[in-house]
Amino acid sequence: MTNDTAPLLSVQNLCAWYAESQALHGMTFDLRQGELLTLIGRNGAGKTTTLRSIMGMLRKRQGSIRFKGEELIARKTYEIARRGIAYCPEERAIFASLSVKENLSLPPVLQPGGMSDEALLDAFPNLRRRAGSMGTKLSGGEQQMLAIARILRTGSRVLLLDEPSEGLAPVVVKEIGALIRRLKEQGFTILLVEQNLRFARSVADRHVVVENGRVVDVLTSAQLDADMARVQTYLGV
Amino acid sequence: MFDNISIQLLAGQLLIGLINGSFYAMLSMGLAIIFGLMNVVNFAHGAQYMLGAFVAWLLLNFLGINYWGALVLAPIVVALFGLVTEKLVLKPLQNLDHLYGLLATYSVALIVEGLVRQQYGSTGLPYPSPLPGGVNLGFMFMPWYRLWVVVFSLVTCLGTWLLIEHTRLGSYLRAANERPQMVEAFGINVPRMVTLTYGFGVGLAALSGVMAAPVYQVSPSMGSSVMIVIFAVVVIGGMGSIIGAVLTGYLLGFLEGLTKVFYPEAANMVVFVVMIFALIFRPNGLFAGSEKSR
Amino acid sequence: MTRIVLLAALAAAMIAAPFFVYPVLLMTVLCFVLFASSFNLLLGYAGLLCFGHAMFFGTAAYVTGWLLKTTGLSIELGILAGGLFAAAMGLVVGLVSVRRSGIQFAMITFAIAQFVYFVLLQAPFTGGEDGMQGIPRSALFGVIDLSGSLVFYYFVLGVTALMIWLFWRIVHSPFGEVLKAIRDNEARVESLGFRPERFKLLALTLSAGMAGVAGGLKATVFQFATLTDVSWNISGEVILMTLLGGIGTLTGPMVGAGVIIWLNDHLAQFGEWALISQGAILLLVIIFFRRGLVGELSALLRRRKTGR
């Protein structure tokens, strides 16, 4: 039903509020099938809020979020998740009262194609070694691996990843980068929030620049390279 | 000074303490489960316990359904009432200060207790023991029914603990205690889980009520008097800590029994004295560690 | 200007009231106006829900009663002593509870109040289940005779007015402003260099003292003190009065106290229905109009003034 040009996820004029204060002022962008898109922008620009709004985690939102042609704006979080969108938050949300194994197998299989626990442990051998320990005993990098690994269980083909490289040692960032590229090769569609431009450049196809809760620019990686100066001003570096 | 205290008296009071402790443990456990997931202190817990006993009494006197039937039926009936309460009263308040949840369930308790008292009066109604007789242990007489209460409450607490710590459902619950939104983002219907958890906690309260009916008399105020102790138990054990609630429940039952032997005037107060000391010296609860950081 | 007119009208109405309404009912209302205002100081201005406020009210009633019965103390000193005793209790309760989060604070105060209840049940001077009877209405300042019920009403009115004025001064003082700031954003106040628990402790002490004055007054009105005054039904009733009237408004708890006392008076003959209706009212207030009668009314007036 979808041809190649029709976007998989289409965000139109999205507004969102935290209590009384408005955080998004009309975000508009598309995510195409199999694409890896980043949201870049400075702190507080609304990148995380955009991901959380797509997941229905903010109580007050307006505008339109269409996924495979279906409107999601009024849907509850779990309904959105069940349609095949998975979210990995910046704080990783490893559950302290659950073991690594329990953390990994917590998300239910929602769509055909979800990976089994065994397949996941094969893909992430570090986690197999630590399976019995409690979730928060892992290192930052291991926690990030676990956070990404467990959403692969659901079988969702669209992944929303919030700053997976944040706070990690360069060698671990490399590993995460390799993992994300591998996921893209396997056909996952990925929306990535990233502050680290080099990292973003190394994995993504297109970049959406966010400022004050709006999209101010959309760049391909080539454009990003060519116009680094302008992007730096966006990011306020 | 303890020479004149007979072993019979001591054993008898300790048994009463153990029986009371069984009820404290079961009720505190339900309260802790509800609090852990919803952050609501279910003030109606005592009233729901009382309703359990009353439903059992009604089943026996009007439908001829005996204790064993009531043990299954009454918790279901009262849990359904709990589900309705959750939908009508707690859902609209879930995004507000959790004190409103406490006050709303307090109102529910007032209404329920008042209605029952209006209908059946304040005097206790007798409920016959389903297991008459007992066994002479030499130093004391152990009624069968009391033995059943102790064993069954232990089994219930243990079973609930296993359910929460060692099943997939339990891992959902523990995870949702920490970050409900994240669990929902995994595609789990958390709102429904909250409703069912409340129903489960209420059902546990009602189950305790049915068990209590033959031990104490069935009376409208049985809930509010036990509620007062349960609050102290949950504070001592650490809010939302299930293990803490169960252990503290048994411990305080015992302590009350002991106090009755050695200093009967203080038996009502010992729980609160322990609470005050616990607050001063172990402010996060005796069994802190699993406590939430909120 | 309108405020002065309203205040004068209220004063005139209160002075004339005993000629139209049974004075004891009016005096009950006044005691509970004071009691509810003390609770409001804590919940409405400091954001602390004390679920055992009756412990201050009821204990002070016993203390005042006992002093008036056994010593030749004049009435105002007896009531003052009740208030001071309750304030000291508030300080002690606060020391173990005031650092706790809202819900824990509520549960702890509830449990401590129950402890106080059992202590008073056992204490030799309270008369246990029977209560303390025959509390005299001793002369004011040792000289002014208060035995007439009309005179006594004006005495109660005077004390209540004095205390409400004090309450008003407290909430409009810099201390009151800090309390409100703590209620709204505790972390922020802390970052400004204040120590919130100190302020909360003082608020609890003041509130307990005020509740104590209300309790002492009540003991002299009815000339007896009972365990009911310390029971959690009374703690719940004062919550209901405050919420029904409107948390954090000056007049709300007064209106709430009036309505509930009036309702109790009318429903007393219908057995349990008084308590049932209290529960139902509280539930409706919590779910549908959390600003209370006065809060909703002033919001409505504001909307009419600014809206359209």
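All chains are identified by letter, namely A, B and C, in their written order; residue positions are counted from 1 within each chain.
Keep in mind that, in the parts below, a contact is a pair of C-beta atoms (placed from the backbone, for glycine too) under 8 Å apart; a residue touches a chain by one contact, two chains touch by 3 or more.
Computed from a predicted structure; not experimentally measured.
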item: Longest centre-to-centre distance from chain B, chain (CA-based); value: A
item: Pair of chains ranked first by number of touching C-beta pairs; value: B-C
item: Chain closest to the middle, measuring from C-alpha centroids that were averaged per chain; value: B
item: Distance from the mean Cα position of chain C to that of chain B, given in whole angstrom; value: 32
item: Distance between the centres, which are taken as Cα means, of chain C and chain A, whole angstrom; value: 54
item: Between chain B and chain A, distance of the C-alpha-averaged centres to the nearest whole Å; value: 43
item: Chain B to chain A touching residues, read off their complex; value: 95, 168, 171-172, 174-175, 177-179, 181-191, 290
item: Interface residues, chain A side, partner chain B - complex; value: 55, 57, 59, 76-78, 81-82, 86-87, 89, 93, 95-98, 102, 105-108, 110, 151, 154
item: Residues of chain B touching chain C in the complex; value: 39, 41, 89, 92-93, 96-100, 102-104, 106-111, 113-115, 117-118, 224, 228, 231-232, 234-235, 239, 265, 268-269, 272-273, 275-276, 279-280, 283, 294
item: Contact footprint of chain B on chain C as seen in their complex; value: 49, 51, 96-97, 99-104, 106-108, 110-112, 114-115, 118-119, 121-122, 232, 236, 239, 243, 271-273, 275-276, 278-280, 282-283, 286-287, 290
